[in-house]
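Here's the structure, in structure tokens; my notes come after.
Letters A, B and C mark the chains in the order given here, with residues in each chain numbered from 1 onward.
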Amino acid sequence: MDNFTIVGQKIPKIDAPVKATGDALYIQDIKVSGMLHGKILYSKYPHARILKLDTSKAETLPGVRAVVTAADMPPNFRIGVMKDNPPLKSGKTKSIRDEIAAVAAISTEVAEEALSLIEVEYEELPGIFDPIEAMQEGATLIHEEVKSNILKMPWKLVCGDVETAKKDSAHIVEDTFSTQWVTHCCMGTSGCIAQLDASNNLTLYSNTQIPSLAQNDFIEALNAFGYKNRRVRIIQSVIGGGFGSKLDTYAYEYIAILLAIKTRKPVKIIFSREEEFFATSPRQCTITKISQGCDKEGRLTFREIEMILDNGAYTSWGATTPSVMMLPISSLYKVPNIKYVAKCVYTNNTYCQAMRGYGNPQATFAIESSLDQLAEKAGIDPLEFRIRNSNEPGEITPQRFKITSCGMKECIDEVAKRLAWKTKKEHKGNRGVGIASLIHVGGGARVYKSDGCGTIIKMDDFGKVDVFTGASDIGQGSDTVIAQIVAEVLGIPIEDVNVVNNDTDICPWDVGVHASRTTFVAGNAALGAAKKIREQILEAAGKLLEEEPSFLDIKNSIIYSTKDKEKSTPLGKALRKIHYTLGGKMLMAEYFYDPANENFDREFKGNLSVSYAYGAHGVEVEVDKETGQVKILNYIAAHDVGKPINPLLLEGQIYGGGLQGIGYALGEKMIYKNGRLMNGNFLDYKMPTVKDVPPVQAVIVETDEKDGPFGAKGIGEPGLVPTAPAIANAIYDAVGVRIKDLPITPEKILKALKEKQGRT
Amino acid sequence: MKSYEYHKPKTIEEAISLMGSLEDAKFIAGGTDVMVLIKQKKISSKCMVSLRNIDGLAYIDTQNGLRIGSGTTHNTIDENGHIKRYYSALTDATSRLGSKQIRNVATIGGNICNAAPSADTACPLLALDAKAVIVGQNGSKTTSLDEFFLGPGKTILSKEELLKEFVMPLYGENTGSAYIKHTRRNAMDLPILGVATRITVSLPDENISRCKDMFCTIDSISNILERLKDEGVKCEDVMIAMGVVAPRPMRAKNAESVMKGKIVSSELFEEIGNIAAGEAQPRDSIRGEAWYRTEMIKVLVKRALIKSIDRVIRPDEAFYPERLW
Amino acid sequence: MKYEISFLLNNDKVTVEVDPVWTLLYTLREVFGLTGTKEGCGYGECGACTVIIDGQAVNSCIFPILEVEGRHVTTIEGVASKDGTMHPLQKAFVNEGAIQCGFCTPGMIMSAKALLDAKENPTEDEIKDAIEGNLCRCTGYVRIIDAIKSVSKGR
């Protein structure tokens, strides 16, 4: 099966035409008969006692069908990773996004008016908005029942002996780096429609990234509501952006279900853009103390990191990002001795979630900035320093990752070449170059007990196939990649492949679209199912053509013998013969692929992923020393992706991830002041526009990943992982100031320049 | 949103008389600010009086100076070659206000009447010495724009008055102007601060071509400044306007008076930058810190002046040079 | 109080009773069922709701419905030919990989169309000017610029 005709080609996304014509239906666009509209009332204060909550006026407003509060929720029902989040809050509110009541009405306008009629009296309480303050002895407890603001989720990784390594190091650097809250900015806001049938089975129209896990969450919710053993069906709309934001189930979904139960009508809740900003969960901010050392030759000897994460008032997947941070901490470059401790701390701030990269960008910012400091101390060119310590195929890292394919050096080489590193390094004048590398999971990530995905394929009488996959498409193009794989294996045009990926009643289980795993895991599942159905076709065709199946192949929907040119038949014709005969059959196949990766053991060690993705970003900047503004003159993003299945989509992931990374590095920040979001709109939250795009080159470095479908590895997240440190390093190279706190604003640069000037 | 009556007068007189007769009425022009405020429930007037359908409110008249009707959209101004050439600071502002979609709809009158400290067209209009013509029930009056703003969102307009047009003097070949909008993003942004300058210069004829050469070849500000003082470029007249550094867009009048009549030099720029910074009263906000705004006044006043001078010296090339300034 | 207005919607004359508080976007989506035009922010800050009125791209989410009276409105649904053939811009967005999640796409295409209708061969800067008010979180804009360029060259 060499000489692929579909895999490896730049094939346009198969869902692009309906999106280009405006026909694609997002959650905003879906209507269900009899549907009501839900709206949520949030706490007025980040920390307050609710003294009075009177909904009577709202209830009597014409058009209002239900008003609900915590009293309507099953007692003790909690959601989230630590089960610390009641979907509707009573007693004390703990953050500005605390949901305290909700309304279902005949229109959004009526629902909004009803919210304004709900009377709430608060006693405002002093809040804790700084994780370090929250860790102090005697600090007010955010959750009184858990006795401590430090989350009972201790993250600790120890490999080798850091203390001894420190003594043996020729050079050591130590510094502290911090990162900010940033948010996904999905262009389509969050939303759902909850609908119960007469038997209390639930259908939820949703833009979730985790249909199968969400299904479980909602079954649990129905149980709590007293509807035991009911069915839950998740129907995904076209999803207007994910980036990790939809990896959990949220209060608004449970509130929609509650309102549907109360009204016996379908209830739709769609977030406004303000809600999308303040009531969804951003990337967590971190404070990272890092120390690294190397020997005289510049080989890394140890890496030690202590990290504090602001968990916010409740717990979602944000609290588990240290598990992924361990990946670069233990295995970005060869480092024999590692120590990492992270604490997640409750505060009255917003709570955090997964966002593209899942902790990796925060950790990599600290590691790669610090690495430049170490290279400087050791007197070695930063690029050379990285090559010296680069990961290699066949390596087993201290955290027990088995590195199979690894194109890290090649990526660094590409950066060096395309950026003209050596020449630029010498040329100054407020210009500078910087580099940073990345490691990320590229072959699934076993964070749950299963990392699997199922696929079912059925074939019609004309050689067209329907592929039912658990994988969710959030715009990245998994449907296209799956169609390419199936079409390639079956020797049919891609137009003959229909991918169904949005309905838990039809599609098999999948753990969700996260961890850059979909091409790898869902791709392998589709590959397995396609191979099975191919075998069935060739087996049956062998009988029809009187040929050994092993000599048969399919191309352009023709089954033919590779030995005897006379023996061939159109695929459709063969399929009809197989079908319309006594004891005939229609071809179907299923396959469940669960990669051979490992859950971490108690020490957080184990081969998390079957393969690892690598990359290196290089950037040339110019710094305006009078204003502190940074201009990116050139940006090289080189990625080891295994074998690309679709370079068009792959480069799209690199461009898109890269610009998100640039936003993270230079401008984006959710400004929270005493628990309140001050810039929850697109004017004040500086997501990059088209005019902020620098000249950028996406470079694909091919390696062959033996376990990947057609040799592929994941690429969803890596694009933004090394961006911020690459830029920070370039700024340092340009003007000699190192900004250790993201985002790197003109103010910070100017201040640092003035301080530097004062020193000299 | 509470519903409202919506009136679409056809003449200025009708609009003014409607404002007089209607209770709780508000003008709406392009609506790009007003509609947002309505949606945010910050405006809940019972009546809206639209200015979009009035004949004779959207025009650009370049005979004998410049007159711009208040209903003229930013995009229309942006596309006007005469304004770009002789009132460049205004084009600098209209080309970077909001987005294309906003510029297609938003009017210059709306931008000014909204009276945001960050209003993009305010600084250039101030620097270009624009007068506002206000029409009321008892006829019209003319006021300098400097007196038009009272504070954030506040102007001298009474409810029954309408801002009809802006009038600017005729500027000759020896006058250049520029507006620098200092932003975090390169589009869709409000200024951290903005500075507009207009300068009229004279210089010895024999220096003109050398000066031109200098602007064409040197690409660093410090190098230009180094050489500029030897060219004998004299400031005959100057106006400097600053936005987002005080409750209202303001002129740096002390800086202007110090500069007038002097030969420009690096030292002079530094001096007037410092004076201008001293005249401002910037605040800390989520959009920028006061100390940074103060620092930037010094830098941007200098850069805007150099850009203005450049436009006198190289009128055909210097509209949007790909330079740091 | 309701008002009756008439305007051209994708070349069809329509007459509709509206509340003055409605925006054009609300009317398109809720009255005419034209859900191709998206609401990304509601305040004119993201461009997802862009439509073309009399040749100019505008944010329909802050455009008062009564101002549409007598005007010509084109939405994404009016861009393809009557027989369903996609407009060259739509084809280019598909083929160049300019679409990921697709939520910004209709607005982006409308902004690009307004540009190309007025100017057949725009420069890259003019392309960026035209779509600077259309936010996209997925693509990094690179392929979107490519797609628009490819159409302007092809004309």
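The rule we apply is simple: a contact is a pair of C-beta atoms (placed from the backbone, for glycine too) under 8 Å apart; a residue touches a chain by one contact, two chains touch by 3 or more.
On a predicted model such as this, the values are computed, not experimentally measured, just so you know.
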Please state which pair of chains has more C-beta contact pairs than any other pair. A-C
Chain whose Cα centroid lies at the greatest distance from that of chain A: B
Expressed in whole Å, how far the mean CA point of chain B lies from that of chain C is 30
Based only on mean CA positions, could you tell me how far chain A sits from chain B in angstrom? 44
Which positions in chain C are in touch with at least two other chains? 42-43, 45, 128, 131-135
Chain A touches at least 2 other chains through residues 682-683, 689-691
Scan chain B for residues touching two or more other chains and write them down. 1, 186-188
How about chain B: which of its residues touch chain C in the complex? 1-6, 8, 28, 31-32, 35-36, 38-40, 48, 50, 52, 75, 95, 98-102, 104-105, 186-188
Would you mind writing out the residues of chain B in touch with chain A in their complex? 1, 182, 184-190, 221, 286-289, 292, 295-296, 299, 324
Given the complex, residues on chain A that touch chain C span 10, 12-13, 15-17, 19-26, 28-29, 184-189, 238-243, 272-273, 474-477, 648-649, 651-652, 655-660, 681-683, 687, 689-691, 693, 696
In the complex, the residues of chain A that touch chain B are 109, 624, 626-627, 667, 671, 673, 678-679, 682-684, 686, 688-692, 745-747, 750
For chain C, which residues count as touching chain B in their complex? 1, 3, 19-21, 23, 42-45, 47, 50, 56-59, 62-64, 66-67, 111, 114, 128-135
